[in-house]
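Here subunit A shows up in two complexes: once beside subunit B, once beside subunit C.
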Partner chain A sequence: MSKHHFNPYWIIAITALTAPAYAQDYLNTQQAQQVLFPEAETFMPLLVKINEQQRDDIKAISGVRQRWDIQKVWKVVQKGQHIGWFVIDDVVGKHEFITYAIGLSVDGHVVGIEIMSYRETKGDQVRNSDWRNQFKQKTIKDPFKLDQDIPNISGATLSCRNLTDGVKRILALQQVALNHEP
Partner chain B sequence: MIQSTKLYMLTFIATSCINTPVHADENLFGYIKGAETLPEGTLEFDQTFTYRADKDIGEYSAWDSKSEIEYGITDRLTAATYLKMQSINTSGIAIDAYIPGAEHYYLKPSGLEAELKYNFLSPAKDDFGLAGIVSLSYDWLDKHSGLDKDQYSIETILAAQKYYLEGQMIWAGSLGMEATYAHRAPLSADRLASLPVDFDWPTHSEMEIELTAGTGITYRFIPNWFIGAEAQYQTEFETEVGTERWSLFAGPTLHYGGQDWWATVTWFQQLKGGGERYSGQTEDLHLVEKTKHELRLKFGIDF
Partner chain C sequence: MSHKRRMRAILGTFVEIAVNHPQADIVISLAFAEMQLVHDLMSFHDPNSELSMLNQNQGRRMPLSKHTHKVLMLAQEMMHKSNGLFNCMVGGALVKRKALPQHNQAQALEQGNVDDLVLDETGATLKRNALVTLDGIAKGYAVDLAIEAMQAQGALSGWVNAGGDIRVFGNISLPVQIRNEHQALGEVFQVENTALATSCVNTHYDKRFPGLIYHRQHTPQIGTWSILAHKAWLADALTKVASLANAELRASIIQSLGGKCLNSANIKI
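Let's turn to the complex of A and B:
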């Protein structure tokens, strides 16, 4: 028998001790609201609870699973008029969740998206306005396919795909759960 | 050997503490290759250490080292070159045609390898990832005995990968075939004198084909950390005797993917094995070329 008995756990412990924690937050909620709806006067917070039927409907419309039971949504008001929706969402990145904000018009167009937290090793080009602007004016009828109507960023394909799917899912959520809000 | 082990770990710790703003592509598994390639123009350094130990009787332990430089020629095509090194510590065991008694040395160069990987389908973009890998290698040291042996190999691998739960859970599977032409150096007169008169040490050229099938699944349980399991089946065919031996290894794998570097550690235990056994072997495993268990540590840094 070998005299060298190795316990793998000491390597795991060393790996854990040397693993750095990091996070990169770019915008807080208020800043993202001001960027997406600079003309708005009021953001009315809503905690939208998604029931089973709504989850099924969102999946049927967008083809994407609604992961969260509760979605953080703000009703955007200007001069007493409801002009849109502001939504904060999380999607899976390669290592951590990516937090982003999306602005929607009342008639179901994307006003814009803003990356609030991005912690991935590659692909922070998703923060570039050139890439994010590809989503502007899109509706649920658009394909939302990488390299078709949304360009892919090499090395960050999973982030690009999940953000693209996330925007489509939020457009479906608007149809299913927000358009009936008073 | 213990000193050499400490050296490896100090190197790992020192490398882990370098806090430069670099990025890394990742191997989520220790043994199973995924289907992703490096982005165009990206350069990456990967280091793999594999500890192999326990052949049932006697003492047998070895470290294999692979230092790799990878470069993304295009987004779909990655080229890599490897420098292989090994150390060995064995005594009290002799296996005909494989281990002619004791050998002991610290890490030294043992081979070179060149590899091309082409991504046919992206797991994130096409839903199912598929890549083809071809590699050529030349080794001048035998990893089993530690002695001189010229080996020329060509290996082809088909690597598949699929994301589940939007990428929080990842499956990978691979099929590979390796053909090797090998030629052992004759044993020294001193070593021959220490072995039984009927000890077999063929020095004619050999041809061997090895088939490998592997699969693994891993889940991101907290940010940056994946835990999973992988398994690998290998079977060898030799020109004269047909199927020689087969083995099934499996074990847990832990992966950390950070902003600056990634690391993966896999414990691999031989669960089943069969075929030819050596004289004196008590366990029903493939222990002629394999060991009872392996521990693999990989880390990567890109530039």
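Let's turn to the complex of A and C:
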């Protein structure tokens, strides 16, 4: 009997962070390297070219399509030892690309993941609205200070599934294309 | 005065943490670690999480970490106080509708009730093959832990936004907008020293926003439900109550449970 009462109302649970048409930059390349590999002293940049066969292999291993044929990768060196890989990658967020950095150990484990830049579209409401006026009454003596330009958003929760897929793809790319790098 | 901000993907969504602290990166990493701990313990998606172990061992008393025990206790209390409008025993229904993954659970009951979760001092036992799902309340709890971790390090101010579960502390005023169920943004307002959570109820499924409210006896009302409360776990749990409550009683029910329904002017587009 319970089935008769079920209504398929999907709850779009809660949301994204910066207002649309804006990029919120969290870390630049150097900062992301520092966060993921604080002990390393050298990051050697490589442009890894992915051929047709390697793209097929990446798809077969990870279930995710490698869309570009060049991937930016840094070889991470500490005290003369190759300790891992640092990769910058993009995945689609709500509409726009989200740029993230991933640290990998030489044996194929994720050391850490950091979002470098989060982007959204449709920012007109923020720019055009006079929301800044709300803060005009505030003086320097007010205990509460406005700290940022772009409002946080509370709404339905944006899934990070695409990022999870991106990480799977990069782990496959390591097997297919990086383990053979000198 | 400035806040260092970082973002990671935890608890199935994008989480921004910001703090005003001389060693901001270290403090933010500590706060992220607290949230990751909640993710590892209470993920329904991970078949090896403590929550999944509980769900897969029906009828057996399972020892629990203090955090999982605490969240289950908060959830159970909320089920009691809200007369079942809040219900974390709907894992079976969500698995059946493919909103949550099927692990090794036995044939699961679609919806259990508060009596199907038996808590003792340090553990829990599940009855009648009811499956627990802690998604929103665990996310809110993780936000609260992250805030406490930053405060314990002497941070003066900061905020966490875990996919819309927001909590702000210290002498800052955080501008916030509500995004409604049609993806439009409301007016900007300020949040100070409080938690805010929002759930949107819509008739169609969007895989980018894959949440689902299920209740056997009550139909969630289409709309955007935003709640202010002193803790993020409470704000998140009360969004579910608000979506299911009788419209005339909604405001007073939410108030009696410790939250405040956000004025519709804040949501108005």
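Please note the rule applied: the second predicted complex is superposed on the first by the 121 of 182 C-alpha atoms of A that agree within 3 Å, B and C clash if a C-alpha of one lies under 4 Å from a C-alpha of the other, contacts with A are read in each partner's own complex, and residues count from 1 in each chain.
The working rule: contacts are C-beta pairs under 8 Å (C-beta built on N, C-alpha and C of every residue); 3 or more make two chains touch, one makes a residue touch a chain.
Computed from a predicted structure; not experimentally measured.
Applying the stated contact rule after C-alpha superposition, one finds that A:Arg67 touches subunit B and leaves subunit C untouched.
Shared-chain residue A:Pro151: touches subunit C; no touch with subunit B. By the touch criterion stated above, A:Ile113 is placed in contact with subunit C alone, subunit B being left untouched.
Taking subunit A as the reference chain, the count of touched residues is higher for C when subunit B and subunit C are set side by side. When the two structures are aligned on the shared chain, A:Leu163 is found in touch with subunit C, with no touch to subunit B. Look at A:Lys94: by the touch rule set out above, it reaches both subunit B and subunit C. Once chain A of one complex is fitted onto chain A of the other, the partner contacts of A:Gln30 are absent, as it touches neither subunit B nor subunit C. Common to the subunit B and subunit C contact sets on subunit A are residues 2, 6, 8, 11-12, 14-16, 19-20, 93-94, 122, 146-147, 152, 154-155, 157-158, 160-161.
Only residues 1-3, 5-9, 12-14, 16, 18, 20, 25, 29, 93, 97, 99, 110-111, 135-136, 139, 157, 159, 161-166, 171-181, 183-185, 187-190, 192, 196-214, 216-217, 219-220, 222, 224, 226, 236, 240, 243 of subunit C touch subunit A when the two sit together in their complex.
Interface residues of subunit B, counted against subunit A in their complex, comprise 1-2, 5, 9, 12-13, 16-17, 19, 23-26, 38-40, 42, 51, 53-54, 56-61, 75, 89, 122, 124-125, 163, 165-168, 220, 223-225, 254, 256-260, 263, 265, 267, 295, 297. Across the complex, subunit A meets subunit C through its residues 2, 5-17, 19-20, 24, 26-27, 35, 93-94, 98, 100, 113-115, 118, 122, 125-126, 129, 131, 134-135, 138, 143-148, 150-161, 163-164.
Note for the complex: subunit A touches subunit B at residues 1-4, 6, 8, 11-12, 14-16, 18-20, 22, 65, 67, 91-97, 119-122, 146-147, 152, 154-155, 157-158, 160-162, 165.
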